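Both of the next two complexes hold subunit A, though its partner changes from subunit B to subunit C.
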Partner chain A sequence: MNPEHELREALRREPAPEGFAARVLAQTRIPPIRVTPWWRRPATLALAAALLLTLMIPSEISNYRRREQQHGLEAKKQLMNALAITRVQLQQAQARVRRNTRHAL
Partner chain B sequence: MEVDFTRVVAENQSLVFSLALRFLRDRSAAEELAQDVFLQLYSQIRHIETPAHATWWLRRAICHRCIDEARKRKLRPRIGLEEVPEPSIESRQSDPFLYERVRCLVAKLAPNARMVVLLRYQEDLDPTEIAETLNMPVSTVKSHLHRSLALLRGKLEKQEVCG
Partner chain C sequence: MKKAFLLLAAAIPALAQQNFDFKTLDKLGAKAKESTNITLDNNTLRLALGFLGDGENSLKSLAGKLKGIYVRSYEFDKPGQYNEADLAPLRAYVKSLQWTKIVDVKEQNETSEIYILGLPNDKLGGLAIISVEPMEVTVVFINGALDMSDIGKLSGNLGIPDLPSVTGGNGKKSGSKSGNSNKRDNDDKD
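Take a look at the complex of A and B:
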């Protein structure tokens, strides 16, 4: 008995079951289930946007107030300067008027 | 070069299925494992360069999956009626009972030795190719073949019943 010959005969390739290739190919056509990661889900994005706005709005309001206050202070300073200049000019004009009136008399 | 997956399946289905069937001796498990291996290849098809590369990849993958499966399940060979092939015209002249006994004796070999025998006598690979496929030294492959042949010869001569 030649076991090599018996082995070759006994272990011949067997055809795959009917429809095997079709079943494999059908499975490759099933679209893979895509799981969206939690950080890319619309709800997460909306929540992140809301959180960002909640954090940004108060700080923006406070910045706006600080800027407006600074503008107000500058305007006040300019107005005080203008009033001081006007006062000096008025005093000078008044003094000139008085002098001229005295000469005229 | 792009490999046509449909053609790869058509050309290699018998190779992959037969290796799994002869190794596991369980038709449904063999089909399932063969399908898995083809789907695994499909997911990596962009790394496959030629049809020969696909065949090499499939043979390697099914061998390792079968050995893993056998170790996992501590598989005991089962013989069902569905596993006995329909006698073909050719096999009418030969002895289908003897071949079934040979397959049963092969199934009783240890997983590595069993796969070495399958690759040698089903796939007609030489020891160097078998060593490369199974990641083992050529000397180990030769030793598995030598011992397995001696064992099978002894059991066949003694007309030992397999089951």
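Take a look at the complex of A and C:
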């Protein structure tokens, strides 16, 4: 075998397979850059959440205070009622004791 | 060892005091026309005290020493609508502890019983009132430190407004109590 012939055979120009160029180009294509709208960015969402909390917390605190005050006033009313009933019962017992003592005398 | 026994003996009534289940009295009011049910435990009492004004200092100092106030009052349409045996658990409870019956008056079909829990130095650990009439039963149970003078204060005015529904405005019962404490509150608003 002639080495020159061998070399010539090896370096023989061959056409690229079908679709080779398209495949290479497809591999090297840079994906398009996705632009997130500003209202969907994490920083924006975090800021919105913080703002919402800032608005909600004072109203929740005020609701809590109002509920506590209602409970407190209700408890006070119950205390007054309980002591008023106690007073009536003590006065009744006192009156019964007096009547009974008078009868005994 | 002896000290430990003494402490235990002193602690038993205090512990037992918290164990009475006032729901056992609910049976009494099953047929009641009107009922008043007030439960003020320690936390609710503290909450109520916070809402007493500066003009209510004597009330504040009295109620400030208390741990609980329980009131059950039932009014019936006609006699015989409750079973007096339903009061037995409460009577047994106060008897089982160191409570002393200081008043026991029977007048025809009406009775008034007053029990106190005596503590050293003329102090009281509680007050219980059981009042039974043919058409009305009232139980008041006050748990907490009281002075003898507090009993007098309790039967006086103490700045507590009269409840027209209970006293008729002059210390006499009018028998127009409402269905429960909440309903009474609503009546008061009207």
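Following the convention adopted for this analysis, the second predicted complex is superposed on the first by the 76 of 105 C-alpha atoms of A that agree within 3 Å, B and C clash if a C-alpha of one lies under 4 Å from a C-alpha of the other, contacts with A are read in each partner's own complex, and residues count from 1 in each chain.
Basically, a contact is a pair of C-beta atoms (placed from the backbone, for glycine too) under 8 Å apart; a residue touches a chain by one contact, two chains touch by 3 or more.
Being a predicted model, the structure only gives us computed values, none of them experimental.
In the superposed pair of complexes, A:Ala10 makes contact with subunit B only, with no contact to subunit C. Touch criterion not met for A:Val35: it reaches neither subunit B nor subunit C.
Contacts of A:Leu73 after superposition: subunit C is touched, whereas subunit B is not reached.
Contact with subunit B, but none with subunit C, is seen for A:Gln27 once the two complexes are overlaid on the shared chain. Between subunit B and subunit C, C touches the greater number of residues of subunit A. Applying the stated contact rule after C-alpha superposition, one finds that A:Ala43 touches neither subunit B nor subunit C.
When both complexes are aligned on chain A by C-alpha atoms, no subunit A residue touches subunit B in the first and subunit C in the second. Within the complex formed with subunit C, the residues of subunit A that make contact are 68-69, 71-94, 96-97, 99-100.
If you check the complex, the residues on subunit C that touch subunit A are 36, 38, 40, 44-45, 47-48, 50-52, 59, 63, 69, 71, 73, 103, 105, 107, 110, 112, 114, 127, 129, 131, 138, 140, 142, 151, 154-158, 160-163, 166-167, 171, 173, 181, 184-185, 188.
Across the interface of their complex, subunit A is touched by residues 5-6, 9-10, 13-18, 21-22, 27, 31, 34-35, 38-39, 42, 85, 94, 98-100, 102-103, 106, 117-118, 120-122, 149, 152-153, 156-157 of subunit B. Within the complex formed with subunit B, the subunit A residues making contact are 1, 3-4, 6-17, 20-21, 23-25, 27-28.
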